[in-house]
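Take a look at the structures listed below.
Each of the next two complexes has chain A plus one other chain: chain B in the first, chain C in the second.
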Partner chain A sequence: MTSALDAEPRPSSASAMDPAPRRTLTSLLLRGSTQAGLFVILVVLWVVFANLAPGFLSKFNLNSLLRSVAVDIVVGFAQMVVLATGGMNLSVGAIGVCAVMFSGYLMQVLGLPIPVAIAGTLALGALLGWLNGFAIVKTGVNSFVVTLASASLFSGGMLILTKAVPLNGLPAEFGAFGKSAVGPAIGSMPAIPSLAVVALAIGLGLYVLFKHSTLGRQILAVGANARAAEMSGIPVDRTIVFVHALSGALAAAAALMLTARLAAAMPAVAGDDWLLPSFLAPVIGGTALSGGIVSVVGTILGALLVSTIRSGLLVLEIGNFWLPLFLGAFLLAAILVERGRAAYVAREQARRA
Partner chain B sequence: MALTVDKASKSFPGVRALKDASLELRSGEVHALMGENGAGKSTLIKIITGVHRPDGGRLLLDGQDVLFASPRDAIRLGISAVHQERNLIPRFSVAENILLENLPRRTGLVDYARANAEAKKYLEMIGLVVDTRTEVRHLSVAQMQMVEIAKALSHEAKVLLLDEPTASLTGEEADALFALVQRLKAQGAAILFVSHKLEEVLAISDRVTVLRDGETTLIGEPMANMTRGRLIEAMIGRAERIAVVRPPKAATGAVKLEASGVATAAGHRDISFTVRRGEILGLYGLVGAGRTELARALVGKDKLSGGTLSIDGKPAVIRSVEEALKRHRIGYLSEDRKYEGVVLLHPIRFNVAMTIWDRLARFLGFQTAAGERRATEPFARQLEIRTPSLEQSVGNLSGGNQQKVSLAKWLAAKVDLLIIDEPTVGIDIKTKAYIHELIGKLADDGLAILLISSELPEMVALADRILVMHEFRIVDGFDNDRSYEAMSRKVMGAIHRRSDEAVAVE
Partner chain C sequence: MGAFFRLQWSGILVGIIAGGIALALSAPAFLSEFNLFVLLRSICVSLLVAYAQMVMLGVGQMNLSVGALGGLVAVVTGGLMDALGVPTLPAIMIGVAAGGAAGFVNGWLTVRTGINGFIVTLATASAFAGINLGITKAVPFYNLPADFVAFGNGRVGLFPLLLIVPLLVTVVLALFFARAVPGRHMLAVGGNAPAAQLSGVSVPRAIISAHVLSGLLAAVAGVLAVAQLGSAQPTIGSDWLLISFAAPIIGGASLAGGAISIVGTLLAVVLIGLIQNAMVLVKVDPYWVQFLLGALILAAVWFNRYRAIKVGEI
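Presenting the complex of A and B:
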């Protein structure tokens, strides 16, 4: 009896257990393929815009595109980390506005050194996000409802405290960082804006979190099946509170980047304007609304797609009123193309099997 | 009406689910479809009901080739299925559910008077007495199943597929269902009956078709010629292994868990018992007796409202499953595999490593897929999880293999006490025997096991002691002498004595 388990070797299943490199590669390609498809669409758009409007590839336009997309990427990340658990954060914009004004207050009114102000602002974002998470976990109410309410609370509180007066006297270095760039400009290519470097660095951090950390795995387990995660000893509540705090800190980071870009703290720059893009970038990029699947690279590409369309229309001098229409059409097209490709791959696989 | 499947084949990515499978179903018969998990039963059913289209082979209805583009086509031609996963809408009424696709209308609005009358007609046909206006969520599982059959009848089903219909029914409910099946058969319906329970199949079927590894090893064999042994041989390709019975053992290991006077909000009162290392303590009871609820309270999922626990001789309070695992080394293998046991979306290695991420973590919680694979591979190998690779999503595995993944997770966690809840529900014979052996071996290796099961043969084969739970109390307990007859008499006696008393008091 004791040896019954080991004494029954089954060569077929034993050899099946060996890692099969071909399969892994296929699954890797497949998983990366949403992003690959997105990349192709981006390249096509860039070629089209570059041909229609020579101004699109101008140093000035590329620089401004990269600086604005840097903020969009981080806004997308702020939503992505909550989507990973199957929840959502409708207060990314509200936290962003609070962070914008708070950073201005710390630097201009209190005159704190920039690093201290940055740390304080990130802490405020994390705190507001933590409050969201805490309320969700304690009440058991859906994150949609909780963050819908807190979004109004946060932005309302901010308006009362600041009276919506912009702060224009930020330290010069802060605004200078928003305009600075890293590395040399090559030909018509501008140097990489520092803000874009910051966004990529945050992206790298999140990539490591989801790909290579216990916490990231716990987040994905909770998102895919919270009950199974809890019954396997994973601290589901703590994980949810954490992603909301992280989401708040990321929203605050985006707010800091925006403040640096504009060299002023203005209350009207974030808020509701962030809500849709925050969902667009991760969802176009392959992050599942139902939770359990995220893509950092996809979120970056998704934000790039949205910014490219916006910038292209601007350069083509197509009125701003057309933007939503085009955005919607491109989105729909992108989703349909992706669907078609995925279906094709599934068919091919079935045929080969 | 006769339904014939002629040499149907079907492949999915990486799996050949069916290979030249055939089936011939006649009106006025109960036809059993058997096979282990992963043998291709579900695929065959999905082909018949229009969910999948076969890659090769033919589907004939009364000798005519048919091609279903969707389940609607199949339903229109009189083929309806009652699945394991219920397809009823909980907050809709019985009548609305039965007539969902064709509710009678008057001036564009639903005519509820007529809907209720019509639904009642179908309920009478199957002999179910419930108000047609009741919301389905208030019905018992057995009643829901009956409503699904009524729904199938409303589509004028001539071919009825029952997929594991008794999986969550009590004995009496199952008997009522079988009586209904006989009546429908007498009215000329063709019934395809899918079940793992040999006794049921032998009792109610006229003919049987058996699938093994996607191929039909028996096609429409008359049941009169069949024996239990021949069926099993057709299913697993060899004669049934003599059920492994653990030699009875006096528990000598240290006490791992002692419950005294435990009560819960779910309704448990005065639950006391001890589990020792190296012992399998059985917790037997009918569905709804409160066994799973007790297990959940023991692992900290639900709160105790009274009584005390002591673990390894020290008083203990367990506030969460995490605490149960990490501080007290107690694990719970859920009966609800899909929703609590495994994360279907993620790969095998992820699922097995879930309980040991803390241990695998390096500096700052750093993890790698390779590290997870290394740590989980021995368990996947030990449990013979059938998969091309550990990167396979658990959702792509068969039920038996999913259960093995769920079990591997707790083996990897190296818990001292494992609460095992209905480990073999909906699992094929071969995997079942395998899991039984494994549970025995784990106990021999010094694990304390609390085994919850409503299958008495399983209890008798495995448990060292059997506690009987009825209506949220432990009503009796016996040392297991491995004699099925004696134990079943004692256990049933304990349950029914209790019921009689309850009746007498009222």
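Presenting the complex of A and C:
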């Protein structure tokens, strides 16, 4: 992705990481961060959908929206951590399906206790991700090519081993967790699904990693300028292997959440379907494809935006078939609006300076 | 031998010959006229799909919407013939033109908005797939003109009639990138965009042209797929992404842009077709194709790198 048109203005990573000095509400709308802009777009969409279709704010719809967005958020995180180094991981979905089937195998066929199965699945995800990182670092080949190939290897291997047969006899507690919720339901607001809590907890962990740890800073430094990072004594290769292992573990976590939500391990649930969401959530949220800039909050908001659009269009009963068209168009529009706002801010700042 | 080893596609050719000999020895059905016809017909669509991506790699961009675009053209062409009763040739021309227009949208969005082409085509892929499903409601168009379907299944000896199209395209593309000014401009932009800009090449125009060309190629692939299947399936194109990248990359194209190999891409498609054919002949689980394709890409990029280091390109 060394495209010449990658015209993304590249602020220094320091300013991109702490974007929130004190501001008034009105100036926040225009001059705030990408995340604030996204938040406004989200609120507007919620108001529009709630007015057009009362069913949008029903307890049932909000509950299902939150449970599905929880998975999308973690899928987005799995891509985000690799984007941070300027690479990409096209095998997020493939690792996801491998993890789905492996968790089913551990719980149903081997009858392992749930915590052991969860640990085993996360370890498998991390291992597959580690293999990606190892191949990228050792061969020096672009991460796009390596993960494109490994996605094919992983999902092909999974299909050869499982014959694409779903596993439906998972422990009841596992499926129950996918449906459970935390806290009381207030009025039409549903209680918060446990899955959403898990996604937020993972987000918190990543926030701490990128904001408050040396390792996180090193990852961003590698993404911003790998040569400079190398010169400053950062182990670039080890950092890249680490983010790929982390990405694999996050993909496995998303797979576990999805398996809990569906209460079954099915081979067709992730794979290619995760490709688009995995990029959209972080990219809409302000994570740069070129690396060095991430936003955990932005990824959460980006995933929320995608799910809101999908859910809203479904509730409006705009034909299920046309959904991908609107999704694609809305997303381009959202990115454009955000770009326009950022450009306006840049012009304003240039005018004042 | 040294000179042969220097060629980027030498490894693929060796692979094809070795694989062919091994197959001929282990599965006698391999050399039967019908099997060779099936093999040749299977590479027609793949070759155009691979070219559609190769063009984008040449200009240093990617087109993730190759499959969705081809699928959209397939149902548009099929729909024109079936639902609207448009004659074969105009229907194909409208379909291919729609593909070019869709490619233009990709290019225009990439250049005008400054959003990374990867993201633009990821989003338009979703949009094209949505239009496809909206038009068809996931139901294929079956009633296609008999002459069109006959062309898709016709053959002279072991050569499918369909093969004419990709061969013609191969020659045109070879001339285009070797001799034509726009083709040279695209490669210049892919090699070094700022340098190309300073030398008076319009970078935006080169990128938009590449997207239009990519759209046209994917569109022709979509039309051929319809002719071959005998119906306009909405699922056409949904499995093109991997092969579109695999073939040019195995063939020696650089993701950084500026370097493509038409012969390499052609040979890579033949090799992939050979592998798929072999899986059928030796009755292996079809899932192995996907697995082997992944392994092949890794092996090819590793080999190319090794070769490049040996001959001192790096």
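Just so it is clear, the second predicted complex is superposed on the first by the 321 of 353 C-alpha atoms of A that agree within 3 Å, B and C clash if a C-alpha of one lies under 4 Å from a C-alpha of the other, contacts with A are read in each partner's own complex, and residues count from 1 in each chain.
As a working rule, contacts are C-beta pairs under 8 Å (C-beta built on N, C-alpha and C of every residue); 3 or more make two chains touch, one makes a residue touch a chain.
Model, not experiment: these values are computed from the prediction.
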{"item": "First (chain B), second (chain C), both or neither touched by A:F279", "value": "second"}
{"item": "First, second, both or neither for A:L332, with chain B first and chain C second", "value": "second"}
{"item": "Chain B or chain C, by number of chain A residues touched", "value": "C"}
{"item": "First (chain B), second (chain C), both or neither touched by A:A151", "value": "second"}
{"item": "Which of chain B and chain C A:L159 touches, first, second, both or neither", "value": "second"}
{"item": "Touching partner for A:P235 - first (chain B), second (chain C), both, neither", "value": "first"}
{"item": "Doubly contacted residues of chain A, that is, touched by chain B and again by chain C", "value": "1-2, 4-5"}
{"item": "Of all residues in chain B, those that touch chain A in their complex", "value": "11-16, 244, 246, 299, 301, 320-322, 324-326, 331-332, 334, 339-346, 350, 353-355, 357-358, 360-361, 364-368, 373, 377, 380-382, 384-391, 409, 413, 437-438, 440-441, 444"}
{"item": "Residues of chain A that touch chain C when the two form their complex", "value": "1-8, 135, 139-142, 144-146, 148-157, 159-160, 163-164, 272, 275-276, 279-280, 283, 289, 319, 321-329, 331-332, 335-336, 339"}
{"item": "Chain C to chain A touching residues, read off their complex", "value": "60-62, 109-111, 113-120, 122-131, 133-134, 136-138, 189, 193-194, 203, 207, 241-242, 245-246, 249, 255-257, 285, 287-298, 301-302, 305"}
{"item": "Complex contact set, residues of chain A against chain B", "value": "1-2, 4-5, 10, 13-14, 16-17, 19-20, 23-24, 27, 212-218, 220-221, 224-225, 227-235, 292-293, 346, 349-350, 353"}
